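These notes open a run of structures that come right after.
Two complexes follow with subunit A in common, the first pairing it with subunit B and the second with subunit C.
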Partner chain A sequence: MSNEFGYIPESPEQSFGNNKGIFTPTDIYDLTRADKYTNYGQLELIETQTGTDVATVDFTAIKETEYNVHFMTFNNMQSANDNIEVTQIQLYENGVLETASVYQLARQNCSTVSFAENRTTGSDAMKLLGGSGNQANEKQCGYAYFYNLGDSAKYSFCTFHMETWTSDPYFFAGFGSALLPQASTVNGIRVKTNGGNIATFTISLYGIKEYS
Partner chain B sequence: MATNLEFINSFEVTGTVQSLDCDNVFSADYDVYYLTVALKESSAGNDQWIRIRLIDNAGSVITASEYDYAQLNLISNSSFVESRATGQAQILYGGIGYTDDTGNGAGLYVFNPNDSSSYTFLQGQGGSTVGGTLYGTKGISVHKSAETIRGINFHTTAFWGSGTVNVYGVK
Partner chain C sequence: MGLIQVANSLIASGSEVQSVKLESCITTDDVYMLVGNNIIVGGAGGICDIQPLVDSTIDTTSNIDIAWINLNSSGSFQKFGNANQDIWRVTDGMNLTPYATNFIMYLYNWNSSSEYAFITMEVTSHNGSNLRGYQQGGVKTETTSFNGVEIHTNQTGGGGFQAGTQFTLYKVV
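Up next is the complex of A and B:
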């Protein structure tokens, strides 16, 4: 990459939010690749997956070296079977799916029927919400943030807020935090149910861009 | 509808500190802001909360008893705990920074800080660990004074040795 930008011979130091000069397309291309050109839009879509009747949905190119915080949205989540947890999360550590009962969860359930606490220190997945049905309108939606996935020195945290029209049916929601208490590099995310296929889904994964 | 985030600034803990000012981040450009917060204590055994105050239009940290908050602490091995108070000199915030964990993660939304005719509202959600146990938090808070707010201060009664706060405008 050239050290000169903007036709200014002194080649001023360029950084996000502090660009000086007039830029050629090549300058912009080079600076963008170097994370030194001011482009707004730091919620960056990594991948959207949508479909029907699958056992699992895997995100295996999550760009964990680029983002410290990931954001995932869930829409039109419906299970093939009735009364199912349709948004269970498992993480890939260096390509190996962690399926052991090592995940922790603390979730507050809220519904038009009752409120309850759901907590565990030994779960085989981050269970974001249960109660999904397989009839019309019995779908789940919500979002989750993931922290430190690509940092091998830190645990992987998740915060989330989900809601659904349940199989009973009534309105049901849950928010809370989840944890993979293992200092490891997480490079993939699996979405699954606790029984049967995911009938319909649209799941998007974003990275939240940082600059130092 | 919000469609994207726009990076405003990043603030990093340098040295051993009890306070981190994120000043000159709120402006007329946005009504809503999103912050990622990861702060870590520098010595074992303190286990103190991250607390928040706002910075007024003159650059002063607001220490008056003008804050209300309500927070649910979600713990993975025991009953959840409510933390709530009115007329406080700071906001008790989640995303606790303990030494005995391996990182933490939290997000915070701030609403209407630049609007001189509105209170400033906040929503936070985070996760941390204490002795290997997950401590989640989710809370709401308000600064009950209609004035222009230009920044936010994080502080603790312990000490931080590392950490970063990133501030984004929600476009």
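Up next is the complex of A and C:
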């Protein structure tokens, strides 16, 4: 008969799916950071960038080998200039920014005054929404999902839903999908405008973790 | 928003299939998020459809109402609404790698036995000719409590869904 009821070894080997013992918050924090604490599937924050008056916002540590799907949120996006697209996306392929007119886009525009289709097979960026203003409250916000960024054998896809208060002003939204039709490893994401600086921004990048 | 993974299916080489069932994984009234990533098939053409499960049994009742818009990069967008169909269609333009289909589908009230089951879905894909993205909403007009989801293709090339195709279901918390 065992005489070890209730006994916890001092340092049991810990691994994902095979945790043993009783854990303090510090234990859980440390094991989670080491990816050794069992917690199936999370929306994991990779990085948040916030600031004012910059030309571009680059995410260059996107953990593309860890996540198949990335999720990016945009808030308080405003351009320094009026009627400017402030959420244009370009991707880094193995550290090299793709700026050629190779991106494809299909976006449905919706507003309080009109609806329109926006489509292209030769854009220099994934243009998530049209222009917005630079006055008070004329901000853009929304989200995008990215797929297969880290897979060198796959194209890189995106779906998105954005909205803004325009410079006219009226409510304007767009949703759709975009594509970089090149089988490559994407290891960075750039957010830019089509003219001038980004006046204000808060952009968060998450990884959607999965365990097979 | 947080996510808790409740089911996952990653197609392995040599285990290609036409149907994937994520069973008995919807157990609460929370919203669930189904991710389809890198969906590829063994031959050009074919559909990818979704149906709800009660345990391992597919509900094939023709009472799904949908509305979607097909956004593509090289032609006019197509808008479509339909009533009383038996599936939610992800796409009808499946293809081989590096072309692929990817989607996010939110599931509402699937566990409920008193409310209709709703979905929203956003799709991005390349059918070999151009980018195709769908935005779709839909409802299954019955009050069955569903506890799983089935994804299937009619494409038989190479056995259906190819290695690397992945479906993951999360509970949104």
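Note that in this section the second predicted complex is superposed on the first by the 173 of 212 C-alpha atoms of A that agree within 3 Å, B and C clash if a C-alpha of one lies under 4 Å from a C-alpha of the other, contacts with A are read in each partner's own complex, and residues count from 1 in each chain.
Simple rule for what comes next: a residue touches a chain if its C-beta (ideal position, glycine included) is under 8 Å from a C-beta of that chain, and two chains touch if they have at least 3 such contacts.
Model, not experiment: these values are computed from the prediction.
Annotation for the three-chain superposition on subunit A: subunit B and subunit C clash. Residue contacts after overlaying the shared chain place A:Gly17 against subunit B, while subunit C stays out of touching range. By the touch criterion defined above, A:Gly95 lies against neither subunit B nor subunit C after alignment on the C-alpha atoms of chain A. In the superposition on chain A, A:Pro25 makes contact with neither subunit B nor subunit C.
Touching of subunit A by both subunit B and subunit C, each in its own complex, is seen for residues 40-43, 68-69, 104-108, 117, 119-121, 145, 147-148, 151, 153-155, 157-159, 161, 175-179, 181, 183, 208-212. Here subunit B touches subunit A in the complex through residues 4-7, 9-10, 12, 36, 38, 72, 74-80, 101-107, 125-129, 132-138, 164, 166, 168, 171, going by the rule given at the top.
Listed in rising order, the residues of subunit C touching subunit A in the complex are 1-6, 8, 10, 35, 37-38, 69, 71-77, 97-100, 102-104, 122-126, 130-133, 135, 166, 168, 170.
Those residues of subunit A that touch subunit C in the complex are listed here as 40-43, 68-69, 104-108, 117, 119-121, 145, 147-148, 151, 153-155, 157-159, 161, 175-179, 181, 183, 208-212. The residues of subunit A lying in touch with subunit B in their complex are 16-17, 40-43, 68-69, 104-108, 117, 119-121, 145-148, 151, 153-155, 157-159, 161, 175-179, 181, 183, 208-212.
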